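Below are the structure tokens for one structure; questions will follow.
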Amino acid sequence: MKLGMIGLGKMGYNLTLNLLDHQHEVAAADVNHDTVKQIAEEGAEPAYSLKELVEKLESPRTIWLMVPAGEVTESVLDELTPLLGAGDVVIDGGNSNYKDSLRRAEKLGEQQIHFVDAGTSGGVEGARHGACMMVGGDDDVIARIESIFEDTTVENGYLHTGRTGSGHFLKMIHNGIEYGMMQAIAEGFDILEKSPFDYDYEKVSNVFNHGSVIRSWLMELTENAFKKDAKLDNIRGVMNSSGEGKWTVETALDLETPAPVIALSLMMRHRSLEDDTFTGKVVAALRNEFGGHDVVRK
Amino acid sequence: MKLGMIGLGKMGYNLTLNLLDHQHEVAAADVNHDTVKQIAEEGAEPAYSLKELVEKLESPRTIWLMVPAGEVTESVLDELTPLLGAGDVVIDGGNSNYKDSLRRAEKLGEQQIHFVDAGTSGGVEGARHGACMMVGGDDDVIARIESIFEDTTVENGYLHTGRTGSGHFLKMIHNGIEYGMMQAIAEGFDILEKSPFDYDYEKVSNVFNHGSVIRSWLMELTENAFKKDAKLDNIRGVMNSSGEGKWTVETALDLETPAPVIALSLMMRHRSLEDDTFTGKVVAALRNEFGGHDVVRK
Amino acid sequence: MKLGMIGLGKMGYNLTLNLLDHQHEVAAADVNHDTVKQIAEEGAEPAYSLKELVEKLESPRTIWLMVPAGEVTESVLDELTPLLGAGDVVIDGGNSNYKDSLRRAEKLGEQQIHFVDAGTSGGVEGARHGACMMVGGDDDVIARIESIFEDTTVENGYLHTGRTGSGHFLKMIHNGIEYGMMQAIAEGFDILEKSPFDYDYEKVSNVFNHGSVIRSWLMELTENAFKKDAKLDNIRGVMNSSGEGKWTVETALDLETPAPVIALSLMMRHRSLEDDTFTGKVVAALRNEFGGHDVVRK
Amino acid sequence: MKLGMIGLGKMGYNLTLNLLDHQHEVAAADVNHDTVKQIAEEGAEPAYSLKELVEKLESPRTIWLMVPAGEVTESVLDELTPLLGAGDVVIDGGNSNYKDSLRRAEKLGEQQIHFVDAGTSGGVEGARHGACMMVGGDDDVIARIESIFEDTTVENGYLHTGRTGSGHFLKMIHNGIEYGMMQAIAEGFDILEKSPFDYDYEKVSNVFNHGSVIRSWLMELTENAFKKDAKLDNIRGVMNSSGEGKWTVETALDLETPAPVIALSLMMRHRSLEDDTFTGKVVAALRNEFGGHDVVRK
């Protein structure tokens, strides 16, 4: 089928190539016109504005957004929506908060524009050669456009998750689980590092991936990381985060669901952003007050 | 090579079959003589006592223990050690605490008996058709017996982890990571269960296993579990534990390594063993005291 | 000075008595007219509608709200605001979210109505005989009305915390700390309860309050609770919560401040609301899948 | 009564003065002979060896140890025990692990020497002018020596907690609760520090101590600390620990009692001992592997 792609960053560019590989026609737009030219050489129809993109598609249109979640998605939708008409479909393939997706679906619905939320996992490599997609939206809308999800995912890597919002919600949970798994793996290796034994972490992660209960893609990536830098001597343990772990914890709080492991995974990331903490200062000062315990002076 | 196997439970029995498949000769003993007879029909040499087992092997002997960690392992070693001589090798394939392994290695070493600690992962299926083994012990000892580990594990599923104790230590860490991963997965599905959406968990775990960052053996097992019982309606959420998660947390405390995710995974298991908590009663009573908040009376 | 009080629940009623004790004149309104009559007998001027209340006060008016945070506060303000004029002061003495207070201050400010956020601690007893108040608002506004805070609090129990919003923010943090302290106390007694020793908890909490590092009002309340019910046999450990702990955790996440103790205190409350958990079912099912461990069937 | 004191550090020295104030006779020993001379000038009988100390007391003797828990206590007892006889009482006033106390009580009991475990709280100031003591031991033994506990504690600050071991167990729990309370307070101030408001922490802790639910000795100490250093600019947030928090968590694990708040309080202390973490490196490396997220290079 023919569709429009907005956003040709690492994810959108590779997803477009993936679509082209599967004989879909793609009109592609990006604020960076060089990238648009580049994808045109790969077979996409270049569009140098949202208006041009919309005009290259026949009604009912299908337009796939692969732009950063938050303000960028919001402003693209603000510009795009007035150009669209009843029956058109907008797919948000970014990591949007499901609450935003529910709000946007309602707003677009007022103009009979359909909204589909597609949570995407698998990284850049997945976008290019087969991703994992969790897609929320109305049955009839999904049925119309399902082939583009089936074609760009690995076998069994696409799921229509339910009504609108359920795709981004599930992707959020996916990332929450990922936070917990990563922290669990990392804590394990930290204990190994402080142990009296002398492990080869590349070999350890390799054997963990062959027949053990914890074999996983994340453990394969762990092996890759240790292959490049045996003790990770070249990096600092600063753990950034990009929103979905936080949303998972907030959602857990809203639903009164205890999620200590996901919450602590996030909080240890926050802790890693600080060299020293006010929490630590208060506790150290208190120990000094009641027990005369030494404090570390600057 | 020829070796002795002590313990023909689910793990030991299947490991013996696995060894026989690979042309090793196995003299096998168990307190349950019916099981000994049964394994004899599969090609093992039956031994109805530890003495008989030892006599069926030529010096230097190799004897593999697959018995429950703790008291059983201790008492088997107490009975076995006097029967052995210098140069013999004892492999502990159970989930022993590495501190016990270090102690036992030292004690056996006084009689020039070698101790090898083999952490085994992969469950019963792994024991039968290819496990994952993390083995600690002296280089020359390991070199002598390495073929039995290579033959009974999946490809790349065997690692000589370093000196004595390092095998069981690594298996302990493996299980600690496993605790964290399982709790992370479980928290994710708990939030899904309380969400406003209506997910099919079998399909969700299936799509998580195809192209996503969290694909893993544990997620495959999650899919199996939901295939059998779509909402897990038939079981209660009682999470038992068998020691290694606890040892991991204790070791983390000893090494002053923060391991909040593994610790909380264990503590939530402990919480699940109680219907009501004294902690909860105290907090509820306090809220009533200072704010007049209602308590739930029995 | 003369002021209006809206809301004659446990807190507002006692605060009114407290104000009257200190020679302030109070016009008092409540949806429950019986309560209004009752307080009138104590010396307050009864007001059977917000309109009547406003008319009983001269410009510039001071009106103190002691109504439940959230929708009730919102709707009272919606009804009250059109009745007020430039220079009037509205004090919100409830446990409102500081973000709501900032929003309301801005909205009222458009009509030159001043907003003051007064966080109140000390329970019903405090409202009656001397509370603790943390009050945010502009310096000149606070200066004008400060006597009512000074008179209704214990000595040194009133603090002008800074600009608008800072009072409710500080009260939120106060409650977050309270969550952590309560859970710490409760965990301690839970371990005592499971210990091999046989403690008298009333005596234990009493000794903790005499010379120990952990002596505190909460420990005094602990003693009171055990005095009434030595083992808390008559209540269930259901720990409800009323919002401020959750806001504290959400704020900690927003500010990227690790707050594991406050977060876990809240999550253990959420856990106590459930008899069984989906988290537990998933972990139990997984243990069964990989290790054949028994599950507890219903 | 007359008793012997072993250990004249900050705690033992002040406790001896406290005993002398209450007309008890004290024979005092310490490895530091200057301190022994110094306390002699205050009225104690000097003893320059354990042998001399024992000889200065008549049978049945009462000897109070105020020496560091662990190896020092062990070695003092090893030297002291052969000098004692049936009916003598040894009080361990240090922060010993209750398991050690149970073991020592049994060992001393073989020689009919009585063991009493006295957990002491209140710091140096308490030792001098009135401490809090939680004392475990047999009823008849305690009855014989109770006056020394009653005289050296604040009113109601002494409790006979039950059989041997229960004193040190309760002191351990006291410290576990203290860990949780301190971390809760510290987290609260950390959030304040990162908030958009500008608080005066000395005033904040002061108001928290007047009428609020969280008023406590620890909050008074917080006020003292901020009085000396308004933003704690002069110290680093390194949180050491001295054993009892760790024992509390280990005991909680042994008793299968969830104690997340106490555990996390300890783990955040461990975290504060590190400038960078291996956990953080692993998570950062993994994020880089799957998502191409930037790592912070050294």
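Order of writing sets the chain letters: A, B, C and D. Residues in each chain are counted from 1.
We take it that a residue touches a chain if its C-beta (ideal position, glycine included) is under 8 Å from a C-beta of that chain, and two chains touch if they have at least 3 such contacts.
Each chain and its UniProt protein: A, B, C, D = 6-phosphogluconate dehydrogenase (Decarboxylating).
Given the structure is predicted, the values throughout are model-derived calculations rather than measurements.
Within the contact network of the assembly, the step distance from chain A to chain D comes to 1. Between chain A and chain B the CA-based rotation angle works out to 180°, given as a multiple of 5. Because chain B and chain C carry the same sequence, their contact can be compared by residue number, and over half of the numbers here are used by both. The interface with the greater count of contacting C-beta pairs, when C-D is set against A-C, is C-D. Averaging Cα atoms per chain gives one point for each, and the point farthest from that of chain C is the centre of B. Chain centres here are Cα averages; for chain C and chain D they lie 34 Å apart. Separating the CA-averaged centres of chain B and chain C is a span of 48 Å. Averaged C-alpha coordinates put the centre of chain A at 38 Å from the centre of chain C.
For chain A, residues that reach two or more other chains under the stated contact definition are 123, 183, 185, 187, 189-190, 194, 213, 217-218, 252, 256-260, 264, 267-268, 271, 277, 279, 290. Across the interface of their complex, chain B is touched by residues 121-123, 126, 130-132, 134, 136, 153-159, 161-163, 165-166, 169-170, 173-174, 176-181, 183-185, 187-192, 194-195, 197-199, 203-204, 206-219, 248, 251-252, 255-262, 264-265, 267-268 of chain A. By the touch criterion given at the top, residues 213, 246, 249-250, 252-253, 256-260, 263-264, 266-268, 270-271, 273, 277, 279, 290 of chain A touch chain C in their complex. The residues of chain D lying in touch with chain A in their complex are 10, 123-124, 182-183, 185-187, 189-190, 193-194, 217-218, 221-222, 224-225, 229, 232-240, 242, 260, 264, 268-269, 271-272, 275-298.
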